[in-house]
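Chains: A, B, C and D, in written order; residue numbering restarts at 1 for each.
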Amino acid sequence: MVEVLYFSWVRERIGIPRESVDTKANTVRQLVDELKAREPRYDMAFSDLSSVRVAIDQELTDFDAPISGAREVAFFPPMTGG
Amino acid sequence: MVEVLYFSWVRERIGIPRESVDTKANTVRQLVDELKAREPRYDMAFSDLSSVRVAIDQELTDFDAPISGAREVAFFPPMTGG
Amino acid sequence: MPVRIQSNLFDIGAEIEAFQSGRTDAGAMVSFCGIVRQSEDAPLSRMLIEHYAGMTEKSIRKIELEARAKWSLVDCLIIHRFGELEPGDPIMMVATLAEHRSDAFQAAEFLMDYLKSRAPFWKKEFRTGGESWVASKESDEAALERWSE
Amino acid sequence: MPVRIQSNLFDIGAEIEAFQSGRTDAGAMVSFCGIVRQSEDAPLSRMLIEHYAGMTEKSIRKIELEARAKWSLVDCLIIHRFGELEPGDPIMMVATLAEHRSDAFQAAEFLMDYLKSRAPFWKKEFRTGGESWVASKESDEAALERWSE
């Protein structure tokens, strides 16, 4: 089980800020594919991965990163702080 | 007649902040030579011209600048504002 | 090295004063403040800033440590707001104290460049015409490259 | 575009607050403040700043106009003191307001580089070991070159 978090328009498209996901995925990309297969709202949120960023356990990473042992995976658009 | 002003250690070496000078000089350099010929304190103040800057009528210039028509010639070390 | 993430309004002048006053060991202070900017073409009624609470302070502290490793800093201060903001409100500020001005300037610019695209904040603007998430700029990503020599 | 040359102490925080408050047309504010720095090796008792009264404001306004020609600025503020100063005192400050941060940062750095070596101020330091005029630095002259492209 991994805690999956969504922010900004990724959160708005999926409709919830977080959920616990029971996954067999080895990488972030596989987790995304599992989510996309669930429901159209996930498919819509992840339709263009070039505009989505990912963090594992609160550290920025990429879609090929392994998620074994991860407690928290977060998806969001490029950050716009400052 | 031209008003000659001195600042910082140039002023301290010459001993006065300003004076009216009756000069035949055409350029700043000639004015400096006239002053150096006057007294040792001027010679000391102008011994190394690479460390002296000059302004004519409150605009930075160089030692070859003509002084005809100048009201005010100022000598000082490189500036250290900020 | 204070880092504060808060929804409350802060007073830029008071923060800068508190940061510097009584100190005699720094010759240079640089501050940057980001402000909610109004636009005449498409009036902004408010801004909403979302952040990733668990990650925000951690990522900012990491950026701050990098700045301290690269330049000689006496101190630095970072404040970033989240939640509801109005036009004219300060969004965030960075201040650096150093012996010399070039360290203070460069560290402040570096902190800003990284906070822009590496700290987990997202801005949403509410205008007369509708609401929209602020898009990241390519120029912000490009700005990071100058620090990687 | 306020430029103030004064012997009086000023309050950095209050100046910044007054400069920015109520404005909604700028998204970025950068400030620099130069402070009389104490040194442990050769304790400083005071600093004296001499200036060329007739030329000072004129030369600073010229520098400011160049900054406004090079970058898109909403406003800028320059304050420089002369006379007697104590360790920890603000010597001078520059603040810039712009729509975007890169204009605000670059204009502030440009103003500082020029004020350092083109505005007619001279600093004298009074230390336990004696008094001496602050020497100009080659690095300050070199800093001007980056703006001449």
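Just so we're on the same page, a contact is a pair of C-beta atoms (placed from the backbone, for glycine too) under 8 Å apart; a residue touches a chain by one contact, two chains touch by 3 or more.
Just so you know, these numbers come straight off a predicted model, no measurement behind them.
The remaining chains, considered with subunit D omitted and nothing else moved, group by touching as follows: A, C | B. Farthest chain from subunit D, judged by C-alpha centroids: A.
Note: centroid distance subunit B to subunit C, computed from Cα atoms, is 48 Å.
Note on chain placement: the centre of subunit B and the centre of subunit D lie 26 Å apart, centres being C-alpha means. Centre to centre, using the average C-alpha position, subunit C and subunit D are separated by 23 Å.
Shared contact sites, meaning residues of subunit D that touch two or more other chains, fall at 34, 101, 112.
In subunit B, the residues that reach two or more other chains under the touch definition are 82. Touching pairs of chains, sorted by label, consist of A-C, B-D, C-D. Put simply, subunit D touches subunit B in their complex at residues 34, 50-52, 54-55, 58-59, 80, 91-92, 112, 115-124, 133-136, 141.
Considering their complex, residues 5, 7-9, 11, 55, 58-60, 72, 74, 76-82 of subunit B touch subunit D.
Across the complex, subunit C is touched by residues 11-18, 20, 22-38, 87-88, 99, 101-102, 104-105, 108-109, 112, 143 of subunit D.
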